[in-house]
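Following are the structures in question.
In what comes next, chain A is part of two complexes: it sits with chain B in the first one and with chain C in the second one.
Up next is the complex of A and B:
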């Protein structure tokens, strides 16, 4: 087998090993990459920052454990920011698995970093509601019909923070962390556009391109994937230097992402070089290489 | 009659919902609000329907000893165990009145100890397959493939600090060619244009299909005529 052929048909287990190393080594060495917020991320930060202290913020965790590595850092950064600014945060989810993601924040982050914040006064967990986009529509039409108690069954009237929340428009902004449907798109269509509440948030790198058409008229800002979360963290650290020593998950995870992206680019370049050198000067070679590739992919 | 009644219900609800969206006063708006409330109630029943359907399909597979039937046993066991633990709040420190995912409850253990790592593992495997597939499939065979390949490379590098570092040497006048700026441009313009075209197309399709359903032209949702 010629060299280009052997490169073209490299055992995929070698690629798996390389990717494994590209993820694990930076996780161990923890290199830090300086990031700066792009306008689309900065606009979320500025909106949260400009809200008067004590504003009501609705934060929807529309994701499960599968996309948590990308979206958990956004959730942490947003909670840190809103709590530092003294906003009142209502946690909510349209995903059944989202309840577990909210618990990570309310059980692990808040008691450690904001022990002075009290449940029911500074934050509340409104839990999960079924109905996908329809649930948002019901909330906008008649908020108390769908949500009359928190996740533990305590009536909203008994919680100081939500006692006078009667409508969705009582919230200053809606933040959604999105892994798919339902998510930011539905919040824009059923809440932002209808009730006029500013909508913003973050999505996985896969979902983010679908949300760009809504920016900036219908979507105030967007964090796309781990990079977006890392940009928000850098904005937070710049504004509040006290967070300089805090664990910033996205900034830490950018190491593996950078190395993996570079590795994939190198692999693609290598594959293309082998493809062109393999077919040069050999009529009909192109077809044979393509057929061999297809057989290789099937394997 | 079995087909006419659902068609009449669909027509009335469809017309009321569409009209209620635009007419924000009077009976249409009241009905619109009521139907929204009914929707929230009805969707919960979808879970019962879904659970029943899952049980039916997998029990059938097990009883017929179909291909890979042991996986159905695992699915059934997982479904029933989670359902019983969740419904009866087994191990919940506060009993039946406690929070569903209370710390120390068995459901919390299942979520944190089983579902969470399994779900994360399945998604993480994507990185390996994406890398392998990119290596084998991303070839500049045609003009279109070359454009796609170039855009992918710019996005891959532009979405990392390496992209900025690689093109930091560029003079200010050529700043738009820096990889992060190019990546942002691709996302903000060609991507947005393509996405908008797709979204408008889908929206027009949804409107057409909705009209067909409301007017009773499209009847596939009623199932087969027996």
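Up next is the complex of A and C:
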């Protein structure tokens, strides 16, 4: 078999092995690819940064464990930033699986990195609400109709942070981490565009292209996939050097991303070169069809 | 559950699923069926406890549900919730051929209600404001009157891209002459969009693979 043919008929399992190696080796060696924030990510950071300390922030975890490797780093970066700035954060989710993602933050990150922050005073978990876009619409029309207690059933009036939250517009900004529907798009449609609350957040890389058209008029900023998360982390480290030694998941995972993308580009180039060189040495499809037609006519 | 046990289950199921990359096998089938079964059961439990109980049973029988629905104590029943309850039951008539036609009423309500609910929002957010966002100046100047090359180029690409894309989907006139050229440029715009989306999808999949590899790494770390 000629070289171009052997490349074109390469066993797909070899490609899987190459991709596996391209992911595992950078994970072991941990090369650092420091990002600098692009304007679309920087605008989220600047908005959170400019809010007066103690502002109410609504953070919706609209994803489950299946997309956690992409969105957890965004959640951690946003929680670190909002908590460092002294904002009051309400966690919420439109995904039933989102409860577990919120729990990871409230049980693992907050007690370790912000032990002085208290539940009900600095942050609260409003839990999961069914109803997709309809749930957002209800919250905008009458917040207390849908949410009158936190995830554990404690009435909002009994929590110092939410006692005087009566409307969605009592929140300064809405942040959503999105894996699909419902997510940022619904927050824009049913909250941002109607109530005028600034909406921003992050989405998986699959969802991100759908969300870019809303920027900058309807969406303050967007973190697209792991790259967006990495950019936010770098903005956080630049502004707060204390985080320089903290584990920055997205920055760490950019190593496998870079190596794998280079490998995929090389494979695409190799595949195309093999196709063109392989084709030049043998008759094309049209040539073969023409000869078959001539043979038919002769018969 | 013990964390080490969790890691072992996590790693075993990950390896079973990844074994499909070599070829289909009983371990993959087991993990696949387990995933489908657990997901279905989880969603059923969520559907009952987070949808039906607070949104229907808690409204119709607040005293009975006071232990599980926050704020239900002392609330009087909302009897108009009988209407959605009946519609919900009508959906189940699909299970009986003779009465299946009754489910169409509930479906008609769902389709009509959803369309009516979503149309104004989509029209506003995804059409009017999007059109508005495309109406941008092609020449962008800073306050001192200097030309901003980057912003101007970006706006020109945006406007031309939208026009070319729209022309490609305009089928009322044959795509010949100038219209044909613009339409061809529209295809290029679409191709670039698809390419960007593909690049993003690769990034998403690699992120997920990285997450799994990290989980396997954590599992291996428990052994050494």
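Things to note:
In this text, the second predicted complex is superposed on the first by the 283 of 299 C-alpha atoms of A that agree within 3 Å, B and C clash if a C-alpha of one lies under 4 Å from a C-alpha of the other, contacts with A are read in each partner's own complex, and residues count from 1 in each chain.
Note that in this section a residue touches a chain if its C-beta (ideal position, glycine included) is under 8 Å from a C-beta of that chain, and two chains touch if they have at least 3 such contacts.
As the structure is a computational prediction, the values presented were derived from the model and not from experiment.
Once the two complexes are laid over each other on the shared chain, residue contacts for A:253 go to chain C alone; chain B is not touched. Contacts of A:190 after superposition: chain C is touched, whereas chain B is not reached. In the overlay built on the shared chain, the residue A:213 is in contact with chain B and with chain C. Looking at the shared chain after the overlay, A:225 reaches both chain B and chain C. In the superposed model, A:27 lies in contact with chain C only, and not with chain B.
In the overlay built on the shared chain, the residue A:149 is in contact with chain C alone; chain B does not reach it.
By the touch criterion defined above, A:272 lies against chain B but remains apart from chain C after alignment on the C-alpha atoms of chain A. In the superposition on chain A, A:84 makes contact with neither chain B nor chain C.
In the superposed pair of complexes, A:133 makes contact with chain C only, with no contact to chain B.
Residues common to the contacts of chain A with chain B and with chain C across the two structures: 16, 19-20, 23, 66-69, 130-131, 134, 137, 153, 205, 208-209, 213, 224-225, 227, 257, 260-261, 264. For chain B in complex with chain A, the touching residues are 32-33, 36-37, 39-40, 43-44, 46-47, 97-101, 103, 108, 111-112, 115-117, 119-120, 122-124, 127-128, 130-141, 149, 152-153, 156-157, 159-162, 180, 184, 187-188, 191-192, 195-196, 199. Residues 21-22, 42-43, 46, 50-51, 55, 70-71, 117-118, 121-122, 124-126, 129-130, 132-133, 193, 196-197, 200-204, 206-214, 217 of chain C are the ones touching chain A in the complex.
Across the interface of their complex, chain C is touched by residues 13, 16, 19-20, 23-24, 27, 66-70, 96, 128, 130-131, 133-134, 137, 148-149, 153-155, 188-190, 193-194, 204-206, 208-209, 213-214, 217-218, 224-227, 253, 256-257, 260-261, 264 of chain A.
Interface residues of chain A, counted against chain B in their complex, comprise 10, 12, 15-16, 18-20, 23, 33-35, 38, 64-69, 97, 99-100, 103, 107, 129-132, 134-135, 137-138, 141-142, 145-146, 151-153, 205, 208-210, 212-213, 224-225, 227, 254, 257-258, 260-265, 267-268, 270-272, 275-276, 286, 290, 293, 296-297.
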